[in-house]
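Some structures are shown below for you to check.
Common to both upcoming complexes is subunit A, partnered first by subunit B, then by subunit C.
Then we have the complex of A and B:
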């Protein structure tokens, strides 16, 4: 009976509105953010519980490998010369496997542009016919040790960065970033796009290749760690990382460029594009995560990728299997003249950054991004704090100043995603849904729960997994 | 009597230890940070109260002028050609006026180095004799539209940046940053120091002068605003600002340098020194604050500067008067082999950055600095929050991401400093107290209250001031 004489103190679990109502009435209430777990098949849940220790051990091993990763830029080359399995009729794309018929507008546009660039078609229309004819061999970047932002198109003649994980020997490849606006990766394919790609091949590529050769190699983990101290999360914000890369390369560009004019062009091109580093943060993530593949029983995510139609996921413990569901349309800030009506569903391999603890997972370090889409610095902190809930550990090298230099959350555990009912928070660009238009905005999204439910059940089927 | 039946709830004002004791015993206690006002003469306090409205109006005008400042880098020149009143036997130094007899070790060392560099003496010993002879004309940088970090020595042949406040036409001058370690501004004067100064005059200066000419002009306010979003406070941390400056200048350096070799040398020099931008953030602050001088009745600070012996202060409402007291020794992290025993008292004009709302006032944007001296990110936030207490307003352009892009605190009001008993928080480097040694650490300090008490009383004597 004493209880009823005391002032009311409430612990509210779950729905925030109950808590807010109580606070409005002056009641002392503590809110616990909690959601019921996501639904998965009962049998799968039981299997996962039975193998809990085995999964824990496998995840500890996978995490250790991810954290030991030492990504360095070792050089540049051309796709056909270095990407395993690459050939002249093959086009690599972002996300899980997909046929021409199911490809979204921007991916189709980028494929058309790439076929014209390769000289396999004379016009975009002809390129579209060729692509539909079955004579082009489409495959995901991720299955060829590569990653590509947005449409993620890589064709045989394109120059690529070669990034190597010095701990494991894994290599990852990525094209050079073209800049913003009307660019191939956002599905644009007009003459200006193709001309830029040719300039990149003829001028940018040889100068950068020799510059990196001159430099020796570049420690990307160290550079990314610095960039996190400078307001980047190296997915949607790469200004600091691009600046540091520029500082590292400029003296060598000056030394190796055939002429002052070409040195100036190359410097201006990098300087004009704060996203230039994105195409290095992605393979830096990829080569560390590839090292953690194929650990029997591991429930850690080694790839999240979207092809503009499907959102796909791969786990360490389930080999090359892709778990997929429809890609969501991001919440975004749209460029003038565009709206959510114009937006293509989520697209690109760039969520590989989130998979290694960067991007949306490190967004506390980059509050400017949240502000850009209408949020506050406190929201950015909360997003990162939420990501610790679904991660197996904390990064040793990638730290967040705003959290007293705590390591960023890393190693997405599909079990935690399902149990906590929290999915990864991803930064992203937004492409127009029609081919040929290009970028229309940038934003954020939460990954769809459906792929995690499927992956959870998929892993359960694989268990014991050795 | 009801009061005594209720659970104890405490509001604690002042001493934190009472609050901590109560919390330890489970008592609900709210702590209010408060200190009694600093002591000033009763008559001065009354005068200041009597003229409160006049001072408020004067401060509003001064603040408006500071906030309207548009500092741009317009070019480079040589001290004797542009600094008002500069001549071949004049040496400018940091802080308030001082004689050779009272100069600290590092300032003496830097003067000796400058006299050798100018060819006025053959050896440091000879230079010391010349300096003591009365034939050298010492004057504060601040009285010659200039600022200098640490010893702040400017002699007639030194190249300087020319920074202009486009709103008011005020110009400010500063030498080029030499790098870290054994450098003139920290009181070193050996052959390597003099050789570096000559290289800066012969190679760095002409290339940078032509590069800036080629570029046209550089918006320093915009660059500083970006750097605050990238972890700098542009006093003790200038990595982002230096990177952005480097990006802006590199293409022009490539274009104007006489040879590839010289382009490479200049790029490597800037690239090798993350503090290179400090010598631009300082004149950028100076030209905005000089515009707010001489407003009758204004209690806003327009200069805080130290010569390594005295800490000096100037107010808008008291003309060229300096209020001074002994300079404190900073709390610092010392380089291996050095301790507080070796440290010279605080030195340099660089506190001009704090005076315009940067440096320690914007340290929330640069938590890495606080971590460097053993603090936490939360401490950095608190330091900046404290500075709002003593400031007249918030900056429109310089924003702090960690405080949801709130403008940095700006316009130090000597009345608030005395009333709240909080003095400005300043980032600083630490020089060895003996001439010829150089830098021994970096740290933070609170400005001494004594100069603010003197300035408060000094302004009261000036009132009504028109």
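Then we have the complex of A and C:
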């Protein structure tokens, strides 16, 4: 028996004291920080076990599609012209479906701002009345091939990036990032916010649209892969990616801008906002994940999104169903003068980056922002390692230098989340819970288990009976 | 008096960690009773029974941590609850990512620890089989400490292991020594030529320690879990252990320890013994010692004899030597019994106490043996030895022919109680780790005017209480003061290499007036001699 011939190395699962006593004796022992599996209905567990191989096959297909994704920026347009089902009375928001009555403060603020911006209301008060009147058609971005950070509000006149997955033809849309502080996506709606949106529509949008036309198209997967090597995880840190985008666009901006003044303004705007690229990393993720939807039996997550009230989840194998539960309040570093008391529950479609193996899943690649996760690079490394535990595979293009260029963990398998009792680790910004205030901090959170338990049971119901 | 409860959603800590933290909370000034547990159904009923389950805890699910306490005031309760986080932090700090490598799952651990060969698994029973299967799938040998695993799962796991050429020790395998490394509850013994296969935890420990004391070392000691020798499991691991030791060139003699196997299993084991090609010593506690004599095995009648036979075999000495040593043991025990009786009392008490003791003994009011065991096999062995001396005793785990205690919490006539039984361990640590329950029971027994002898085992080694004298000496002092007429007998299983150092522990106990016996068998024999012989 080979056990007798080699030095004993032990993996300890359970009582920590056994591990400590082995270590005290000089034995090579590694302790597993074990947790019991999350609770799910016994019947669901049995169904999922019975269909294990079928689910494995479905997941392999879904993963292959995700990994084959080739997101490219093909142009810019206006929401009403390109977003499927968009019309003048429709407002898209982040997260799962929600009514005005249940919307959180920041989302309401952003809706009011958008209605004023669209000229549908003259004042925020009037906008609020309109929104409550039932005459505004609210829908999740995710159901309209779109994604939006934080409140994620998209109205008909807003300019959007058009990103296409070249291998599947799926398109995804996202507005242009307004910058930090008091901005619409964090629920601010004062005059300055509206004026910025108008400037973006009048100046930024035409210059960028022509610049991208000039450029032809921009390979986003390649740009993100480079940014990961430069310290971004393209969710809470987009500094490298924004710089790379700036380098790609700057000559064209100079060429197409109607005046030096406008070229200068556009360049300064991009340069002054480290998060400008977020609104490209999100649709880049979205169009790859949308391609992997509707694979019968697949337990992979295709969307994680929050609307500031609920945390929602969609699986490849359960069609358009949303599984949701109350959104938690993130652990965060707050701007001076603010605290957790001020924080709104988690909000935004940006967890689409985690869903494709970026953001919190790739936090090991972003040592500059480890103060969000305890301040040590080792902590960030461990978070990424933990995400491999719940992922179906590793990305071929997105690599983590700190892990010897191992592919980032991708394809969240709801079965693994439940079995190992580990939920996705998400980077996030924090909005003030009152409308009109804006961003108050940034941080991280673990997705709530409840939504995965529901999705697990939901998929079991979707599987054919015996 | 207030009762307060708090839920920590999704927090998880292992049971030993939680017991340590509960213990620390209980020590706080003004805290009457405190409990920090995972909110499993079982723990919930324990808290309910203790009146500690409050409405505040109703929302807890099985994967949540709950804290519940009864305290003198709201203020005390609040402070105690605040401390929990810190206490858990202190204990689990060692588990954090800063304190050296840890893994989040078995698969991650396999990646991180190159060349890992064995998984030691001690998670709660209902999760144990799944975890063991993952370990086997990852190509690891498994020692499964957890109990409450179904027979079907046990058999399935063992068949899977067999098909992969892996060991599946357990479920309910409390001890093993592999390549000289004591695992879970085990002792530090010298390495040597004797290999052990045991379906009995403390039996394995006792034999290894006795061999070590004789100067004979252990090559490998393989635990199988107590049910392996049942027909439903088929002796899969017991036989695999014998075959592995038969192949192992460092093993020259094999010792087998178990209760009598089911007949079909015995037949297969018998064939394994024949095929072993090495001398085999077999001990079946509570069964016919000659069960494997046809297969050429040396029959032992108790754990000490098993050790002596193996020792004699590997020394290459004449086997009559073992018989002589056994006779010598018999003589020593008799003469010790005589000495104790001649002293006129049961203890090395002062003259004044002696008179009192003598009176009681002559009056025959104190006439019963009360044995409180932490080792289940040791409790069985003692019952077996006493039965052979025609002493019928009551027990909560009665040997065939003995009577079952109606209420395991209350002794009757001669009683031998296994305090490691589920009834006593549900929701609290094993009595080898935590003496509190047994200490209370010892006081209870001593207060019974019919108790003549209190026998209690002490098992040392890894996993066991790190400083047993701290717990025992104050209790023994109190017993000596209050009931000096009750004789205290203690067999100590352990070695001088153990973290507690057996020599030190034995000295401490003897100085306190306890009769320390070299083996459990001789302790049982001594008790038997004393209760059988008229004391007048």
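In the analysis below, the second predicted complex is superposed on the first by the 432 of 466 C-alpha atoms of A that agree within 3 Å, B and C clash if a C-alpha of one lies under 4 Å from a C-alpha of the other, contacts with A are read in each partner's own complex, and residues count from 1 in each chain.
Just so we're on the same page, a contact is a pair of C-beta atoms (placed from the backbone, for glycine too) under 8 Å apart; a residue touches a chain by one contact, two chains touch by 3 or more.
Because the structure is a prediction, the values reported are computed rather than measured.
Asks: Once the structures are superposed on A, label A:125 by its partner contacts, choosing first (subunit B), second (subunit C), both or neither.
Replies: A:125 sits against neither subunit B nor subunit C.
Asks: Go through the superposed model and pick first if A:137 touches only subunit B, second if only subunit C, both, or neither.
Replies: Neither partner.
Asks: Is subunit A touched at more residues by subunit B or by subunit C?
Replies: Touching more of subunit A: C.
Asks: Would you sort A:33 into first (subunit B), second (subunit C), both or neither based on which partner it touches?
Replies: second
Asks: Can A:81 be said to touch subunit B (first), subunit C (second), both, or neither?
Replies: After superposition on chain A, A:81 lies in contact with neither partner.
Asks: By the touch definition at the top of the document, which applies to A:461: first (subunit B), second (subunit C), both, or neither?
Replies: neither
Asks: Once chain A of both complexes is superposed, is A:239 in touch with subunit B (first), subunit C (second), both, or neither?
Replies: Touch partner of A:239: subunit B, not subunit C.
Asks: Classify the contacts of A:376 with the two partner chains as first (subunit B alone), second (subunit C alone), both, or neither.
Replies: both
Asks: Tell me the contact category for A:64 with respect to subunit B and subunit C: first, second, both or neither.
Replies: Neither partner.
Asks: Touch check for A:403: first (subunit B), second (subunit C), both, or neither?
Replies: Once the two structures are laid over each other on A, A:403 reaches subunit B alone.
Asks: For subunit A, give the residues common to its interface with subunit B and its interface with subunit C.
Replies: 376, 378
Asks: Given the complex with subunit C, which residues does subunit A contribute to the contact?
Replies: Touch residues, subunit A against subunit C: 1-4, 6-18, 20-22, 25, 27-28, 30-39, 376, 378-379, 382, 385-386, 388-389, 420-422, 449.
Asks: In their shared complex, at which residues does subunit C touch subunit A?
Replies: Within the complex, subunit C contacts subunit A at residues 10, 12, 14-17, 38, 61-63, 91-92, 94-95, 97-98, 101-110, 112-113, 115-124, 127, 130-131, 135, 140-141, 145-146, 165, 167, 178-179, 181-184, 219-220, 244, 247-248, 250, 462-463.
Asks: Could you pull out which subunit B residues touch subunit A in their complex?
Replies: 226, 229-232, 239-240, 243-244, 246-248, 250-251, 254-255, 260, 263-264, 267-268, 271, 367-368, 371, 376-378, 401-405
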